[in-house]
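Each structure below is given as structure tokens.
Common to both upcoming complexes is subunit A, partnered first by subunit B, then by subunit C.
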Partner chain A sequence: MQYSQVDAEAKAVARKFDLVVIMSTFLVLIAGFHVHQMLVAGDWSFWIDWKDRNWWPIVAPVLEITFPAAVQAVLWTKFRMPIGATFCCLGLLFGEWMNRYINFWGWTHYPLNFVFPETFIPAAVVLDIVLMLTGNWIVTALVGGELWGWLFYPTNWVMVAPFHVPVEYQGSLMSIADVINYMYVRTSTPEYLRIVETGTMRSFAGGVTGVAAFFSAFCSVCMYVPWWLMGAHFFGSTKFFKNYESATAEVKNA
Partner chain B sequence: MAQTQTTATAVARPPLTAFSWKSAVVAIGALIVFDVLINVYERLYALAKGLDYTSADYTTYWMSMLFAELVMEAVTAGALWGWLWMTRDRALERLSPAEELKRYWALGLFVLTYTYAAYAGASYFTEQDGTWHQTVIRDTDFTPSHVIEFYQSYPIYIIFGVGSLVYAMTRLPQFAKAFSLPYAVLVGAPLMIFPNVGLNEFGHTRWFMEELFVAPLHWGFVTFGWGALAILGTWLQVCPRVLALINHIYYGKPIQSPAEVMRDPQSSCDPAACVACVL
Partner chain C sequence: MRKRVMRMMGRAGALALLGMILAGPTNRLWALGEKSQEAFLRMRTVIFYDTQFSGRKFKVGDEMTVTGKFQLLPIWPKEIAFTGISWLNFFVPGPQFLRVGSWINGRFMSCSQLLELGGTYEYKTITRARYPGHWPVGVMLSMKDAGPLIGPSIYVDVDGSHEGFTNPIKTLLGNTVNLEDYGESRMLMWTLVTTLIGIAWLGFWLGRPFTTRLGVVAAGRAKELISGADKTVAVIFALGTIGLIVVANVMTASQFPHTIPIQETIIRNEPLPPEPSRVEAKVLDATYDVPSRTLAFRLEVHNTGDRPLVLKEFTTANVRFLNEQVPGNAWNPDFPEVYGGAMKITPSEPVAPGETKVLEVVMASAEWENQRLTMYHETTNRFGGLLFFSDPTGARSIIAVADQLVIPKFGVTQM
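Up next, the complex of A and B:
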């Protein structure tokens, strides 16, 4: 009886520490991942008229496989928790939606149809499952990283497709996305600043998205590796710098 | 592994009430209320009084806020860090296990508060600035949203982050004598976002007029944002010691003494401890 009470107390205390660790990690990862995403891929995430078929499916997956890889490196190897990527991407989505709704729409009145963010949840679930099933981060880099790039455009297509319906606007062919951009004035993002596919003399019509996704997947594989290593060996390091006494003692002994 | 002291006798257990959420609820609740009020202030006065830097209204409603918050932040930081240092524990080697576990709980709540402040600063108010950039063509580095984002929300989380590190260094044997690499990165990298504002504003003043978010000028912030990942290493240092304390206090298992932990904190974070956690 006495023992079971103590046991219950110990478990209650441990559960509380679990919650603190999980909540604080989630919050600070939103902060870090969001500031990273915003400043390396943000423009494609903010505006529907930047969500093209060439640059968006390259930039977004390549730069957003970073935090998932690093977090997987710790959550999987130390705790066998197969949720690293989803944990990060859920946080990112939360941070983005809080802003798009409260600020982009609520404060400065850009319609949500214009400013909704991309999603990585489906690709993140796949990445986590590949790691869980194989238990091997090299295989996850190769297979999961490849799937991460490929899956991005198809899993976002359902949200983007309605905005690619063509319209004739004042004698010009435009997509709905272009018209939205044209109508809702942004002071500091002129059209020429937009980094979207403009066509080249060396590209083949219709082959853009597949090639972009394939290339993006290859780059995602390459990004996964250093970010896993950074997560495992730098951010997840438990190193303490030696204190003064022990450092001095070592010198004396030597 | 350093020598461990074993005990079969009952160890004092902290009361369950010692592990209350109250202080974090109060601190984070106050921050949320404050942030909501700041949003209300922005909605009331950003478009009404904040569009023209040269106007008298701008000075009243926005520049006064900037100067007031800078002063208050400096005072708060000095007072909090100074108080934590002055009231430091000077006899850490005599710390009882129950007291040490309670202090880890306090540290956890401190870090939790810090991470909320980091979320508000780096995610919420930073992307909020993104939409303000699209709404006005700015005539100053101190736009209403910069007054809030750079000079208010960043300093607030820096105060909490550094504060939690000072708490750990002055109250917990693990962090008392040696410097934790991941904790330094966790607290130091977001802190470096603030000086990076200098580069950002200089660049925007001198050569980038448009608001391309992915401009190379902004990438400095990104590298410092990565520091958030160091919470993983910080918890990997803390968790094994907390587990050891729980196992010692409630199940009478052997544990390293505070003096041993202070001498060699690395030895207190057995990497296998978290995997083997069965609590």
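Up next, the complex of A and C:
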């Protein structure tokens, strides 16, 4: 058998192995990240009337930078692949859409415009690129984490803006998001459970979005660090794989 | 071999069954869950009465009106927080009905309301059928820190088809939008555009060998894996993505120049003025006979009016007991409450004006057990509810009782 033929077959097998590894990882990430997201950011992601300008831009990015940081730690340090955050966020979006489409719309008939998920993908691509260009996870935490927080609200405002158009309903001033919440009965979530613009972060003539985004970016930086370290130390272990130097030393000592 | 085939067939069958269950139509719900709440919670917090549903059969698009009253009992159990922050909810399994509006004491309830302990409130809820099916529907008062307090419910049948159903609403900008799919295509398009950016970035990297890079990195040759061209592409991706977001936001601002934040607040709602009462009543003692499922209590009644009074009804936790010795005081199958049965009162003669006497009230009913209202299992074995007295003109006097201890009687036990 020719060497080139063996080489070609080895490459083909390696690609198939790649596919299995990538697909398995993708499914695991969908499961893990989606559960994490539902538990920690749940209502802020589910409902259009929770997507406010104060808490949503804080809660969602701060709690969702976790998995991207951890997966980046593995894929960058072990594979030099700057795709960790994008890989995670595509998985999350896929999982969320399955949930919204099958459960919320298919089973219980909530309209999709009430329950659509937010997207992190543009911020994730930027986070990956910052890591790639700087090659340094601390700089990525500082710069990428900031951009992650800042980009979240404008990325999603494009989809959310139509739902903030004002309506007079039964003599009350409401946004369209409020009216959807009111009309499409959500028995388990009474109105007083919504957390909308409470707190004292009010400044800049009443605009809270900028303050929220700033705070979100700061917290995202802080969250990135422990999750990177967790990813690197708990999931990035390659004890089974000897590095070049130790393998060479073993051969010499044999 | 045969066992293996059987096992595989069994698994395939189970999977098929699970699939059928999951894919099956969801137009029926068999239980509401109100019995899961503790008896003292349901008997001593909020009592709904005079509830009326405008019908039990509807077509998609039809409106249903629910009216009635509720009283927040003056002696609220100390185990349950009382904040007064309330939301009159409508329960239905998902938005099979749309809430057109809810009013408490005639005040539109767009947000939570602050209600008073001991207050009586009148409510109205209008809903519109949205999906066909056999649905349990009812009212409930959600109260902050206390949770959902469930009111009367019925099953309704909705015929027709959801196909073509619209929910138009006029905005303050003058245009009319259909809430069933408003903003949906825009949302889907933007989600698709941003997702394609992610897929393109992922495809750019996953088009290369993946797992073999592990070895290259471990060999200390990581720098070889990223070229200058890769960095150029990355910069284009980053700047392009940020630029796209900026442009999209500028366009959004011009398309929607007038937007408002999400609205929320809490408004105070005064209770109805107290109805004139012609009676004073207090429970002296109460027992619950476990084998015969009988609640009995002695009631000291003083008639302060100028007409004779009879005790016609006791209502608690959406169960009604009627004094059927009073002519015309019979059960009506249209009542949304549960029929508890007859309430026997001794002596049965009316309480004369100015008279004070002690009535023995006995209610033997399987519903004490069916509704999980037995009063010997809980940390707070007290009962509560509303007593309805009536004079010959039909004028009612409603008395709340909420703090009487109940002594259980277990019967003879064979040792």
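Everything that follows uses one rule, which is that the second predicted complex is superposed on the first by the 228 of 254 C-alpha atoms of A that agree within 3 Å, B and C clash if a C-alpha of one lies under 4 Å from a C-alpha of the other, contacts with A are read in each partner's own complex, and residues count from 1 in each chain.
As a convention for this text, contacts are C-beta pairs under 8 Å (C-beta built on N, C-alpha and C of every residue); 3 or more make two chains touch, one makes a residue touch a chain.
What you are looking at is a predicted structure, and each value in this text was computed from that prediction instead of being measured.
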Review point. Counting only touches as set out at the top, which of subunit B and subunit C does A:Pro190 meet: first, second, both, neither?
Key: both
Review point. For A:Gly42, is the partner it touches subunit B (first), subunit C (second), both, or none of the two (neither)?
Key: first
Exercise for review: Could you look at A:Cys89 and tell me whether it touches subunit B, subunit C, both or neither (first, second, both, neither)?
Suggested key: second
Check your understanding: Is A:Thr108 in contact with subunit B, with subunit C, with both, or with neither (first, second, both, neither)?
Key -> both
**Study point:** Which superposed partner A:Arg53 touches (first subunit B, second subunit C, both, neither)
**Key:** second
Review point. For A:Lys78, is the partner it touches subunit B (first), subunit C (second), both, or none of the two (neither)?
Key: both
Check your understanding: Between subunit B (first) and subunit C (second), which does A:Val21 come into contact with in this model arrangement: first, second, both, or neither?
Key -> both
Exercise for review: Report, in rising order, the residues of subunit A that make contact with subunit B in one complex and with subunit C in the other.
Suggested key: 11, 14, 17, 21, 78-80, 107-108, 110, 186-188, 190, 238, 241-245
Study note, to complete from the structure: Counting only contacts in the complex, subunit C reaches subunit A at residues 26, 85-87, 89-101, 108, 110-112, 127, 130-131, 140, 142, 144, 148, 162, 167, 169-173, 177, 179-184, 186-187, 190-191, 194-195, 197-199, 201-202, 205-206, 209-220, 222, 225-226, 230-231, 234-235, 237-238, 241-242, 244-246, 248-249, 252, 255-256, 258-264, 266
Study note, to complete from the structure: Listed in rising order, the residues of subunit A that touch subunit C in the complex are 11, 14-15, 17-18, 21-22, 49-53, 77-83, 86-87, 89-90, 93, 107-113, 116, 119, 121-122, 124-126, 128-130, 132-133, 151, 154-155, 157-159, 161-180, 182-188, 190-192, 194, 196-197, 238, 241-245
Check your understanding: In their complex, what parts of subunit A are in touch with subunit B?
Key -> 6-7, 9-14, 16-17, 20-21, 23-25, 27-36, 38-43, 46, 59, 67, 70-71, 74-75, 78-80, 95-96, 98-99, 102-104, 107-108, 110, 115, 186-190, 193, 195, 230-231, 234-246
Practice item. Would you tell me which residues of subunit B are touching subunit A in their complex? Key: 13, 16, 19, 39, 42-43, 46, 101, 104-105, 108-109, 111-112, 114-116, 118-119, 121-124, 126-128, 130-137, 177-182, 185-186, 190, 193, 210-214, 218-219, 221-222, 225-233, 235-237, 239, 242-243, 246-247, 249-251, 262-266, 269, 271, 274-275, 279
